[in-house]
Every structure is written in C-alpha cells, then in structure tokens.
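As written, the chains take the letters A, B and C, and residue 1 is the first residue of each chain.
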Amino acid sequence: MTFQKEINIVEKSRGFHIITNEVLKQIPEIEKIKIGIANVFIKHTSASLTLNENVSSDVLRDMEKYFGKYVPEDNLFYEHNYEGSDDMPAHIKSSILGQSVSIPITNGKLNLGTWQGIYLGEHRNYGGARKIVITLFGE
Amino acid sequence: MTFQKEINIVEKSRGFHIITNEVLKQIPEIEKIKIGIANVFIKHTSASLTLNENVSSDVLRDMEKYFGKYVPEDNLFYEHNYEGSDDMPAHIKSSILGQSVSIPITNGKLNLGTWQGIYLGEHRNYGGARKIVITLFGE
Amino acid sequence: MTFQKEINIVEKSRGFHIITNEVLKQIPEIEKIKIGIANVFIKHTSASLTLNENVSSDVLRDMEKYFGKYVPEDNLFYEHNYEGSDDMPAHIKSSILGQSVSIPITNGKLNLGTWQGIYLGEHRNYGGARKIVITLFGE
C-alpha cells in the first residue's frame, strides 16, 4: 500500500516549530498500515524538516540561537545575498538539517520515541507558506 | 515484502560507535530481499545515526572531538540545560547528524560502500539503552 | 514496483555539483510510478548528497566556502590525516550533509520544489569517480 498527499503549511515565523499534529491530521490513512515508513518532505531549500524534542519550548529557541550563531548572516562572506542577509544562511541550514524525515509506521501510528516530534525549521525572515509531501508505504 | 523489528542497543559511552554488525545480526530476513531499502531509525533526540568510515578508530574520535568543539557545552548560551550541560548540545548534534539512515538492499545484503559503516552517535554522558527500529522493504 | 540501478559518476572537482539531470537520465523507469519514493545513495564517506538551490551557481560556491570555514582542515586538531589534510574534514562534511536523499515520486516524476536540485558534495581534493545507487519504489 502506498499513499501520498501534498499539503500546505501556513507561513511560520522564523525559527523552529513542532508540526507533528499538523502532519498527522492530514493522514488518517496511516491507520491502515501495520508496518511501513512515512516520508515527510519539504519542497523548499530555505526551510528544513528534522526530529527533535517535543515538549520543551526552550529547545526550539536554543536550536534557532545555535544555528543563528554557527550559520551567521554575513553579507561580506557570502556571494548569494541579493534576497537579503538571511538568504544564504537559510540554504545552508536547510542542507545541514535536511529536507525530509523517514519515520517507521507500526500498528497504524508513527513509531516515534516518547520525546520525538517533527520540527519545521523556517530559516527565512518571511518564508511564506511551505509545501510538504507526505508519502506512506507499507502493508 | 516489508519487515520491521525494534531492538535495544545496550548503553554506549559518549561518542561514536560502529553498529553495523549489531544491526545486521538482528535482520537475517534481509537475505530474502533482492532489491529494496533498509531504514534504520533511532527513537531518541540526544543520539544520532549516520554513516561513516568503518575501519579507522581515529575517525570515531575525531568526530567526537569536532562536534565537541563546534557544538560546545555552554550553560550560559543555552536555556535548555536542566539535565546538564550535555543536554542541549546532544539535541543539536542529533538533528545535525540525523536520526535515521536509509540504505539500499541489493541481493540480500546492505549495499554499502567498502568503507561505510553505521555510526551510532551517543551524545549524552549517560544516555542509557537506546531503541532502534529497523524497517526493510523491497522484493 | 521496485527498481534499482547503480551508476558511476565521473570524478568531480572539490565542491558542490548539481546532478539532478545526471541522475534522471539513468532512470526512465520512473515514468511508470504514479506515487512513490526515489532514494539516491552515495557509497562513500568523503562525499555527500543533499538538496539545495538549483539555479544560482553562487550557492554552490558559498556552500563550499561555508563548509571550508566551519569544517576546517587542521592537521594539528585531527588524528586521522594520513591521506592529507582534506581527509577528516571530508568525513565530517559527509555525515553533516548526509549520504542519501529520499524524494517523493508523483505522476512519474521527482516531486521536487521549483528550486530544488540534487547536490553532490565532493569533499576530497581528488575523490575519483563516485558510485551512486538509485532505488525507486511505489505503484
């Protein structure tokens, strides 16, 4: 069994956001899959998808703070900055963190650890809405 | 064909560890798959799975040294440190390195390059046992 | 339906290269898949695969510049340098950026965003030819 759906995520502020529930409510079909994989993919190069701690909001803030420091805005360092100083750092963060997550499906649910949630990293100041493709497969 | 198994990895010391054989001995079913994919997923946000050089133990040490320097412990920088100064850096390393690897299966074996092994990154000082879900699919 | 092919990529210069078309021309079979996933996997630990901006060549150069600065060559810092000062940094970049991408297939095509292309990161000075395994599955 294979299932796929493309969804829109409304514009998020710059930083990290937990979107696990926003994803799950789009895919009731997951209940039909006993074992399989869910691939969640973002169709952008200045945003990212990763998994991280789903309870403490300070983790979201510390992630943004860390990547702000280690992938700094610097118009003198980067050539690619005609869309603004947040442009090239956003591309780098997107590749470091990745643009998809592949999560096991077990007994009709995402088999995440207790503390794992799906993070959307919005790396632009005004990134606009984002498109995500969810693909489920298994049996 | 889809196959899935959840396994426990006994506590590892902080740093990087090659777990290719520990994974393989759990999935003799891989022999039945001519072509497909193996997804190996760790159910934690302070450990990671990645692929790297499977021969030289100095690569394991240099990986730990690099990430210790570039994702430093710093209680004054991070808000999220009530579990200790290794807490937030562990979350960041986990997202940078990733929590799953997807490896081709060819003729009943993982189709890894000669030098590729599966690395478990234990980013906490005392991370405890870790849970891994292995999902195989193909035909 | 599952399809798999191993291909050789001729030696690239150190840095980042867009290989989307080089991959696509090897897999005309993708047209038969209505919905599914394409996994593209590089069998090396000193090169990487990631997705990033597919138009501006300055993004390719800035990626190389960024990783050259934040994963610097430093024979005094790393133990693992008998193949040269580009050796250990290449392993680190490979794990940070990742060695595979999983991309949705929709209506017989890779369902990439408008600006997304497949990047091969060649992190050695003289990396030689590289082997890539492409696995397609879906229905």
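Just so we're on the same page, a residue touches a chain if its C-beta (ideal position, glycine included) is under 8 Å from a C-beta of that chain, and two chains touch if they have at least 3 such contacts.
A quick note: this is a predicted structure, and the numbers were derived from the prediction, not measured.
Student: Leaving out chain A, what pieces does the complex fall into?
Tutor: Once chain A is set aside, the chains that still touch form a single connected piece.
Student: Over half of interface residue numbers shared between chain A and chain C means same, under half means different, so which is it?
Tutor: different
Student: From the mean C-alpha coordinate of chain A to that of chain C, what's the distance rounded to whole Å?
Tutor: 20
Student: Any chance you could list the residues of chain B touching two or more other chains?
Tutor: Counting only residues that touch two or more other chains, chain B contributes 70, 96, 98, 102, 137.
Student: Please name which positions on chain B make contact with chain A in the complex.
Tutor: Contact set of chain B toward chain A: 2-4, 6, 39, 41-45, 70-71, 77-80, 88, 91-92, 94-96, 98-100, 102, 131, 133, 135, 137.
Student: Contact residues on chain C for chain A in the complex?
Tutor: Going by the criterion above, the answer is residues 35-37, 50-53, 56, 58-59, 61-63, 65-66, 69-70, 96-98, 101-104, 106, 111-116, 119, 137-139.
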